[in-house]
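Look for subunit A in each of the two complexes below; its partner is subunit B in the first and subunit C in the second.
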Partner chain A sequence: MKRKVAIIGGGQTRHAARRHDVNQVELVNEAVRAALADAKMTIDEIDAVLLGNMEFFEGCHMTDCWLADGIGAYGKPGLKITTGGTVGATIVCAGAHHVASGLFDKVLCIGFEKQEEGDTGAILSGVAHPLFGRSMAGAAVGYFAMMGSSYMAAWGAKEEHSAMVAVKARQNARKNRYAHLKLDIGIQDVLNSRMLAYPIRMLDMCPASNGACAMILSDEKTARDRCARPVWIRAMDTAHNEQFEISWRDVLDRRPKFSTTCASRIYRKLGVADPAAYFDVFEVYEPATWAELQWYEDLGLCAPGQGFRLVEEGKTGIDGPMPVNPSGGVLSTNCIGASAMLRVWEAALQIRGDAGGHQVPKEVRRALTTGYGGTNWTVMTALSRDPED
Partner chain B sequence: MSHESAEQELIRIPITVDVPYRFAAGNYMSRFLIELRDNGKFFGIRCPSCGRVQLPPRIVCAPCHVRNEEWVELGLEGTLTAFTVMYLPLTDPTTGEPHEPPFTYGSVRLDGADSNLDHIVHLGDEYDSAWVGMRVRVVLRPREERIGDLSDIIHFEPLKGQEKPGK
Partner chain C sequence: MSDRVAIVGIAQTAFSPKRAEANYAELAYEVIERVLKDTGLDMARDIDNSISCSHDIWDGQTISDIGITDVIGGHLRNEEKMAMDGSTAVYYGAIGILSGEFRCTLLLAHTKMSQTNRNIVNNDAFDPIYTRLLGFDYTSAAALQARRYMHAYGITEEHTAAVVRKNLGNAVDNPRAHNRGRLSMDEILRSPFVSDPIRSMDVAPDTDGAVAVVLASGERAADITDTPVWIRGMGTCYDAHYLGDRDLAGCMALERAAARAYGMAGITDPRREIDVVELGEEFSYQELLWTEGLGICGRGEGGKLVASGVTGRNGELPVNPSGGLLSGVPANVMGLNRVAEAALQVMGKAGGCQVPGVKCAVAQGHSGFCGQHHCVVVLGADGRRSR
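On to the complex of A and B.
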């Protein structure tokens, strides 16, 4: 990177199933004000504003236009970006590029979704090739259900392993005051919950949340002058796949895919030999339980087919040696346009020591985050307490 | 207008957007759909560089970035690589109506292809009897009902005489 990039502030809304009290402008403005307050900055100091969400989920395209007042973009340069579910992380990546280029010093990054205002499943079908497979009406739940059937057949995992991930997520969420699904559940509660699409039950799947997240990125001088505990973006990576070729539905597909491609490139950039030892905490984008198990494997935290053993052994619990999603993850809060940014922001809170009830009980120097979009994209971000580490 | 009220009334306005589209299938997909409609056949396309047979046929092999030219006729049987039993009445966006749950659908690797085709797997009352690795055959509408669309496929059905591998 040409210049160092720091996260010097951020904020999020309390994510909820219903936010009838705010329109989209008001919702986003809550997160923007929280981020500015956290950074002790005013909007006048911001050089550019980047905005992301799922296109057309709320029935308005050109969201940067109708939200211009609420996001503080009046008179300023900026972009709206849409990359599916990974957009929150793409916004951070684009913001980091703006700062690293030397052209902008302070960039406001925003992700949001007011999910209740539209029909998620119907719009999500628009991601599929119009003539090939759009009619299966499976939506995200169908996709991850197919992944689950493939995973169980390939490796001998059981529905109980999916339930272990679901329990870990919601019990972590109970410690996170911003999370949507704070549920005091056990394995049996998950196994008793309604089957949506075999093998995915209600509690195996993410919610639909309304929420927003905002982060402020800056150059090194601004970070040193203005921020007590900046968090440094050390590396990022993103990769595209062919949509109808390589996906997670067939877990035995050994071809390079978005997740493994980005992981190997980002590890190479940083010289990571053993990611479980190098990073102290992980925030991954898991719309369903099976996706988290696959992330363990694709990130190289364990061998292929062993992901379910990690959660079975408690290794990825909040007090485990490789904590994954102490925030509760996407399984507990999914305002899609914000979800991938929340992974980066939650990882930054861990490094700052500001995660509160869900702070992992060990020293956190480095964190890795992933995004996920149904187009089979990811944006991975590596954060550190130290700009050289 | 008074700013004092015990509860602010919150208004939500329902709006339905009904937008017609007309997608061009393009050169490659058109030929694929015409072969399906007129001859009841499935064609993939082979990359001259890596050799994989892609379905649906398309102009460029993405990893190799070379133009595809070689059409390959695929079998009408294949293997189920992943499946689910859907219990939710999700709307089929191509019809505006839901498929009636529960229904089984999956990803099928047609013999000769390196890509999958997703469609309904017809299991009748035994909708939860699918397994990864099941062999299936495509069932098409009669010629006079086919229009050149994936809905020319009614469903996949399992080949007879196979048993789910023991646990």
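On to the complex of A and C.
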């Protein structure tokens, strides 16, 4: 990038299954006001406003236009991007490109979803190809059921291992004042929860949340003038697999994969040899428990087939050597259009030391985040406390 | 701009009311294959970013770029979709190149209006609480804007009909257009009302099609083509959502988007410095209003401008010499087609629609009803500021 880009502020809403107190405009405005307050800025100082959200999820065409007043876009440049579950991270990339281009100094990035106003399961079934896939579409649950079955068959993991991920997420969420599912649960609670599609149980799956996240990105000069603890965007990378290419019916599939490809590229950009040692904290997009175990392996935190051992040994716990999703992650809060941005924002809070109850106990200099969406798409973002580090 | 971005390749389908034999991915494939062949670019080696413009709700598929990930080169790479007018792909693609992250970006816009109902799609763009239930669509909202604009400035039906007459006449020479003809004013003014004062001939018709454009950084452009068209300036801007919150007889968002684009390009006297304009007139009155927003004439003077012949293809400042949107361009593809037609003018490759000696062309697109979001792109044969 031609200019360094910093995160100089951000904010999120209170996330919940029901937010009858606000409409979509008011919900997003809550996050925008929080971000402006965090950055000690007024909306008049913002040069451009970028919004991410999927129009089908709530049945609203052109949400950027409806929300223009509530997001402060009136009279300003702006764009809307829609790239599925990755969109929140894509918007951060778009914001970074806006700043790096030299055309804008302060850019407001927003992701949101108000899932209670749509039917996410039905709409996600609409992802499937209208001719070749839709008649058997099982939305996200069916998809991750294949992943879980295949993972257990391939590596000998048990349902108890996915339950450990479920417990870790919800116990971490209890420390996060903004999280949706703050559940004081144990492994047996997960194993007793309702089966959705074997081996995915109710507590193996993310909730349908309402919420929004907003972040303010700036150039280096603005960051140094205006922000006590800017967090720097060090590298970004995006990789997609096409529909039909990787089905998760077989976790041993050797075809080039979005996740490993993206990780190896972003590590190359940064010169990372050992990601588990290089990064101090990870925020990954895990719509289901098994996806988090798969992320451990695809990010190179352990060897293939060893992901379930990491959680078993507590390595990825909030006080472990490689904390993953101290915020509670997507398993605790999934407002889809915001979820990938929340990963970046939560990682930035960890670097600032502002995560509050879910701040990891060790020093955090660097963080890696992933988005997950589309068929098998990801956007990865690497953050640091020092712009050169 | 200190660094430069150029349009180095363009491919467009013929536009037709219905392409029943092709799905939207096949339309995309048609133009992407052609633009790669024309430019000699290799998807894997040369293209490092892809951006498409369309809408799930038009495509009938959730996260509808899933349907084109393969044809647009998304395999293991960056690919993004904007749910906006196609002009914004040019804007965002150029920002990506200016950021230093990308060098050669493939842009695509595609929509098959034939596979759904525009009134229902458009109705979903109105907020679900206060205005959607009133049954609004883009046409009925445009009728309010047209009436307000006509009332404020004495614009007449003859003025809007003159736009239809000019553009459909220009389209006769555009081989991609499907709605064209040399019509009399009487024929236009006799067409039935769709939503008073908008008549059926005042509306861009339902159309299927796709457009692909390749953008390249200054360093790459010279290797790819002898006729790069440089992006000299660009701007976007949002207006308010609710019609009651806007001055419908004006277009603040377009004025601001144009001011940003002109500022970058160093344009101070648009009427004199711009050689040709391709703008997005989904409805005929919009051409008049947008020419005002673009600063080609003063507020309320759009009607007089078209009546005087200034905006004719042989006029002092031709507007929509290609035939514009009224000649048939799909929703969402509209703005990328505007940029493509403007770029073809700069290249001198506009065929029968060519305006002689074009050095500076302006393209405009908009998203949302009554032009809530505008995007303006200034193109030139060289990337330098004009002054």
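Worth pointing out:
Heads up, the rule we're going with is that the second predicted complex is superposed on the first by the 384 of 389 C-alpha atoms of A that agree within 3 Å, B and C clash if a C-alpha of one lies under 4 Å from a C-alpha of the other, contacts with A are read in each partner's own complex, and residues count from 1 in each chain.
Assume contacts are C-beta pairs under 8 Å (C-beta built on N, C-alpha and C of every residue); 3 or more make two chains touch, one makes a residue touch a chain.
As the structure is a computational prediction, the values presented were derived from the model and not from experiment.
When the shared chain is aligned, subunit B and subunit C each come close enough to touch A:126. Taking subunit B and subunit C in turn and counting the residues of subunit A each one touches, the greater count comes from C.
In the superposition on chain A, contact of A:242 is made with both subunit B and subunit C. Of the two partner chains, subunit B is the only one that A:197 touches; subunit C does not reach it.
In the superposition on chain A, contact of A:361 is made with neither subunit B nor subunit C. Contacts of A:145 after superposition on the shared chain: subunit B is touched, whereas subunit C is not.
In the superposition on chain A, contact of A:271 is made with neither subunit B nor subunit C. Residue contacts after overlaying the shared chain place A:21 against subunit B, while subunit C stays out of touching range.
Of the two partner chains, subunit B and subunit C are each touched by A:59. Subunit A uses residues 59, 125-126, 129-130, 242, 245 to touch subunit B in one structure and subunit C in the other. Interface residues of subunit B, counted against subunit A in their complex, comprise 8, 10, 12, 15, 17, 21, 23, 25, 29, 33, 54, 56, 62, 81-88, 90-95, 98-99, 105-107, 115-120, 128, 131-133, 149-151. Looking at the complex, you find that subunit A touches subunit B at residues 20-21, 59, 119, 121-122, 125-126, 129-139, 141-142, 145-150, 153-154, 194-200, 242, 244-245, 249-250.
Considering their complex, residues 1-3, 23, 25, 49, 54-56, 59-62, 64-69, 73-84, 90, 94, 96-103, 117, 123-127, 129-130, 236-243, 245, 256, 258, 261, 373-375 of subunit A touch subunit C.
The part of subunit C that touches subunit A in the complex is made up of residues 2-3, 55-57, 60-63, 65-67, 69-70, 74-84, 88, 91-92, 95-96, 98-101, 121-122, 124-129, 235-242, 245, 252-253, 256-257, 260, 367-369, 372-373.
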